Amino acid sequence: MDWTWFHRLASPPHVYRIAGTLTPWFAWPAGLLIVAALYGGLVLAPPDYQQGDGFRIIYVHAPTAWLSVMIYTTMAVAAAIGLIWRMKVAHAAAASCAGIGAWFTAASLVTGMLWGKPMWGTYWVWDPRLTAQLILLFLYLGYMGLRAGIEDTARADRASAVLAIVGVVNVPIIRFSVDWWNSIHQAPSVMKMDRPSMPADMLVPLLLMLLGFTLYFFAVLLVRLRAEILRRERSASWLREALSA
Amino acid sequence: MLAVENLHVFRGDRHVLRALSFELAAGCCLRVTGVNGAGKTTLLRALCGLVEAEEGVLRWRGVETSRSAPGYHAELAYLGHDAPLKADLSGRENIRYAVGLRRVLDREAVSRALERVGATAFAERPVRSLSAGQRRRIAFAALWLCGATLWLLDEPNTNLDTQGQELVAGLIEEQLRAGGLVVAAVHQDLHLTAGRRMDLVIPGGR
Amino acid sequence: MNRSLPPSSWPVAGRLVLERDLRLAFRRPGQLLQPLAFFAVITLLFPLALTPELERLREVAPGVLWISALLSSLLALDFLFRDDAQDGTLEQFALSGQSLTLLLFAKTVAHWLLTGLPLAVMAPLLGVALGVPLQALPGILAALALGTATLSLVGAIGAGLTLGARRGGVLLSLLTLPLAVPILIFGARATELAIKGAGYAGPMYLLAALAVLGLTLAPLAAAAAVRIGLE
Amino acid sequence: MKEFFAMGGYAWFVWPSYLLTFLAVIANIVIARRSLAAAQAEARRRLAIAGEEG
């Protein structure tokens, strides 16, 4: 097994260059997919027999909800790699994820509330999924709070990595306990819409949007990753070369 | 016995230790000198794994070991600027709990250690009521008792009167005679009369 | 020279750390009462804020007891490692050659015996002030004892992580409370059922499951956190 | 065209959702680019300092 690709992946200058070249390859497809999904979702897809055009919020709510969990998992995996193999690039990736994840968790909460209002008459509904998203937002804020609280970057990387790993273990447990809590109190549920039962012309735009947002996330991640790599890089010679390129 | 190669340590953005290497044989004392902030304390903490190093290999007994390997830790003792003692416990209790983690102790052994450093008189009072010099003696009693092969001492003579400094010199000589190693970050001389010595100067703090 | 003394085994080391922390705590009994006083004050605020009618208080009693207990336990968690870090003894633990996970686990057990358990014992008495029937007392005690144990284990990770951070106290709560949500949900439900006189085995099993998870994983994370915090 | 924007009466919920979501999308692009620019500027400053001492 030839591990050189793995070690090359570890070298910051190499990753800095690759991230630069890859960004447009993620950004443009993401843009196209999102525009196509917007058109499909807002124009082509028929209104829902129950929720009418209100259901179209799913085309922004589902992707943001998906991103919030996917980004946290990505952050935890990057953190674990950083801790186990002592790879600064992995810590840089984890640091880049947090901000994006928090933004989209907030977005998914807001879109969830805006969806809940017409359906249940109140903005905040203790729906299990929304509640779990709210707790996930606190996990992000805790992660960012810990990072901000420690000056030394190397130490902040390692401490927040431990927190991210502990957090990702707890995400399913929190989700289970909130669902359990919901089942014993029969709280109203906004998100009755389970995907399989959606007809194709409703479902396709949703899948396009999910893929579009995922690619978009990686495009933004790569840009922030380059910034975090620069902040952690110490060898002057490499910096001069990277900045001149 | 203890070899360090190409050690690089950063504190925040400061490149504190640059490509530091040395070899220390059994029975030898390494005196580490340098201006304040040069990185003497950082070196000691890096040697015992309390501080992460960017790069660098450590060989203990000729074998490359991780700086935080339990086996290696069991053979070393680190004494920092201030004596690591609980203020609400007495000197005896502090020793019993600290060294008890490493060695099976009985009351007799602890008394011997206190006797060795001349701390028997104030051993039963809570450490809170002791002077800095007295606390240092209690810390040295624990150090002497745990019988570590490698001593990492950060300015061992702080807060000690001349009599205390003679005690420290005696303890270090005893450790060297027994084939142990000592790495001491020092400002003034250690007044050692016996045992081989080596010097390491860390370039000035930037 | 003292290399002749036999090396200490891990059970002995764990017992010593536990004994040391208990002895230290009883040297300052005042500090032991703080979390209990805090617990009492918070719990007794609710009737003033809500209603003197025991009937309605019984309705919110589980939530009040559990949230107050969690906050009181968190209050004491902040000092779990901070004192030892400041006087340098925590470093000596990390350098002792014994497994840091074990030593910190012993400290966490000491913390639970000194704060979690007393809170659990005191909760039923405060419960009576919230109109909780007597026959619910054992249920409340059991649930809280188990819940505070898990919280101490999870909280130890936060205590370690915030060791080197500015404003550690506030940060500790922000880090630990989201992770304590499952404990709160199952615990409050067990207490609610106990108050209603119904069987509360279900949530208790779930609480026990959390405790087992906490027992196995949390000490490892706490040791890693402390090692990073000590730098 | 008008009934398209009416969104079957849910206009006040659908359009704000889309607006806020794409606010987040745009915001993250801006933040990322600005973060990279700042890191590059700071790296140049560090280089300048290192240059003098090197």
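Remarks
First chain written, first letter: the chains are A, B, C and D, and each begins at residue 1.
What we mean here is this: a contact is a pair of C-beta atoms (placed from the backbone, for glycine too) under 8 Å apart; a residue touches a chain by one contact, two chains touch by 3 or more.
What you are looking at is a predicted structure, and each value in this text was computed from that prediction instead of being measured.
Here the chain at the heart of the shown protein, by mean C-alpha position, is C. Looking at B-C and A-B side by side, the one with more C-beta contacts is B-C. Taking the mean of the C-alpha atoms as each chain's centre, chain C and chain D sit 42 Å apart. Rounded to whole angstrom units, the spacing between the C-alpha centres of chain B and chain D is 52. Chain centres here are Cα averages; for chain B and chain C they lie 35 Å apart.
Per-chain Cα centroids separate chain A from chain B by 48 Å. Of all residues in chain C, those that touch two or more other chains are 231.
Shared contact sites, meaning residues of chain B that touch two or more other chains, fall at 13, 52. Those residues of chain A in touch with two or more other chains are numbered 152, 158.
On chain B, the positions that touch chain C within their shared complex are 45, 48-52, 68, 70-71, 73-78, 80, 82-89, 93, 96-98, 100-105, 109, 113, 126, 144-147, 149, 174, 178, 180.
In the complex of the two chains, the chain C residues touching chain B come out as 1-8, 12-13, 16-17, 19-20, 23-24, 27-28, 87-89, 91-99, 103, 227, 230-231. Across the interface of their complex, chain C is touched by residues 83, 135, 138-139, 141-142, 145-146, 149-150, 152, 155, 158-159, 162-163, 165-167, 169-170, 173-174, 176-178, 180-181, 184 of chain A. Put simply, chain D touches chain A in their complex at residues 4, 7-10, 13-14, 16-18, 20-22, 24-25, 27-29, 31-33, 35-36, 38-40, 42-44, 46-47, 50-51, 54. Put simply, chain B touches chain A in their complex at residues 10-13, 15, 52, 54.
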